[in-house]
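Each in structure tokens, the structures are laid out below.
Two complexes come next, and they have one chain in common, chain A, joined by chain B in the first and chain C in the second.
And now, the complex of A and B:
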């Protein structure tokens, strides 16, 4: 064996170990959600949920079934249905990540799709409402990610994801949540 | 190292190598089997299947026969376009003197997409005349019937089966085939 070989072999092993640690997935990678990217107007389907985002609206006040609230609101209009099973099939996960913060859909409107029971292959239409700080609509920090899923713990299940820019939305004085109705096919 | 020495090493270690060839797969097989068995024994995985239009014993009671009918939409309820309402009735006779406990049954598509539906008694509103029981909770020890409605899309044409779970009998569950 050449005298320089142990040194080269040792260095090669160190590089290999570094490479291995660099490509090893994190501990949480094994339980990440399965993200399905969506676009406005297109149907995006996961394991047991299918979503069609139909519109995004920003408003300084929202109304819903006689209820009214001022503030900075994002309304997400969508159609949503289950695909395989109705057991425990609620739209329980709805978050908006914007400006490094994560907001959950508001439970304040009396009739929003948040937490609603889904039916198999029979879509409902309606709205989700997110109550945000006024700064959320500033252009510099308005890159947003909306994620919808069935479990409040979204790990190891499908998440429908929509990426958009809050600054692209025109802020209306007042907007109304869409009523929850069946959508005919 | 020469070819002769290499063959000698394999020959000397033939028995340990053979043992490894048997034991390594066996270890992974046993661990895997134990993990899956643990998973399946905590979930509804072993169906007790009745003959169509017949009754069957499960969890200390006699279940069935089960009947499925299509209902017209009840007054005041606008069903989704492209859907229909199916109502399933199951006769239950608690053979023991102990009352039985079961969750509301679920409707399953046998074959195809194997979709499964929850019962919708409350969603159908006041125009729907529910049966006395939509589960076994509080049903006592006398014979009774479970009546559960489901709202299914038109393309769900069956055949269907009703699944009933008595929690303490999991992983066993009852499967009652419905209709033709």
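And now, the complex of A and C:
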């Protein structure tokens, strides 16, 4: 055995151990949701949910069914349907991640798609509303991730994900949530 | 090894090279002993004790440190912690306040707190029982009793969520016996700080728990009877 061999072998083992720890999946990897990327205007389908995002709107005030609120609001217009089962199939998970913070779709508008019952092959259209801090639309760049799913605990099910930049949206003075209606195809 | 070999002859013969070496080493280190003899080692314990006492004195001495109790605040003063910013604005005694989800029996009234709150964390916080405002705000008279109902001040959304960085004015309601409180009483409200726990094993995610009193707000109670339009919202409608 050459004198340099143990040293090289030891170094190789250290590198191998580092590589192994680098490729080991994290503890939560086994329960991650199955993310389906979506684009505006295209239909994106997961296990039991299919979503078509139709528009994103930013506004300084929102109205819905006689309800009115000031603030910084993001409205997400979409069509959504179930694919396999209707039992307990509600749009229960809707979050927006931006600037290191996570927001949940607002429960305040009386008629929004948040928490609504989905039907198979009968998409209905409507809006989700996100209430954001006053400075939300002032940043020059605000990479945002919108995720929709069926369970309030999103693990181990499909999540429809839309990535966009909040700063690209033009801020309207007032916007109205779309009424929830069935969409004919 | 070299040392033990050198020692062996010393044990064997009465006079050998070992002893000569010992003499040399003794001579070589004699200065060290001379120096160390001058160090007042007897004083070491005293000096160390002195240093220790001086150090503790810098942190307040040996007496048991008094834990900082809850801070005293007035109505309108903000209390901040990692989770929330809370400002108790006023306390109202009213006949009923069904908008917050509480129902009153005969002989009971509603004690309502109007509170400005903001979520300072990175995730949305529910306000229902056991969470954020419900577990952070208590009456000093009944510390274990969470509010019977919470609603937004502006649109009466029941058990609203606190979105990060979005301020909200909330109404917290407790059902009380009608002789428990009276107009003009000074109400003492306890504000708790909670700690962030990360779930593991069967639980997952992060949550705030373990409320501990951090501030006490003194706020005068205003009795509004049945309330203008039977709710405090209408009473202050013009302000907002």
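Everything below uses one rule, namely that the second predicted complex is superposed on the first by the 179 of 185 C-alpha atoms of A that agree within 3 Å, B and C clash if a C-alpha of one lies under 4 Å from a C-alpha of the other, contacts with A are read in each partner's own complex, and residues count from 1 in each chain.
Definition applied: a residue touches a chain if its C-beta (ideal position, glycine included) is under 8 Å from a C-beta of that chain, and two chains touch if they have at least 3 such contacts.
Note that the structure is a prediction, hence the values are computed from the model and not measured.
Model built by superposing both complexes on chain A: chain B and chain C fit together without a clash. Contact with chain B, but none with chain C, is seen for A:84 once the two complexes are overlaid on the shared chain. In the superposed pair of complexes, A:133 makes contact with chain C only, with no contact to chain B. In the superposition on chain A, A:32 makes contact with neither chain B nor chain C. Once both structures are fitted onto chain A, a short way to say it is that chain B and chain C open up an angle of 100° at chain A, using Cα centres and rounding to the nearest 10. In the superposition on chain A, A:69 makes contact with chain C only, not with chain B. By the touch criterion defined above, A:107 reaches chain C but does not reach chain B. Superposed on chain A, the gap between chain B and chain C at their nearest CA atoms measures out to 17 angstrom in whole units. Note: no residue of chain A belongs to the chain B contact set and to the chain C contact set alike, using the contact criterion stated above.
For chain A in complex with chain B, the touching residues are 83-87, 89, 117, 119-122, 182-185. Chain A contributes residues 28, 31, 67, 69, 71, 100-104, 106-108, 130-133, 155 to its touches with chain C in the complex.
Interface residues of chain B facing chain A in the complex, by the touch rule stated above, are 78-83, 106, 113-118, 123, 151-153, 155-156. Interface residues of chain C, counted against chain A in their complex, comprise 122-124, 152, 154-155, 157, 160-161, 163-166, 204.
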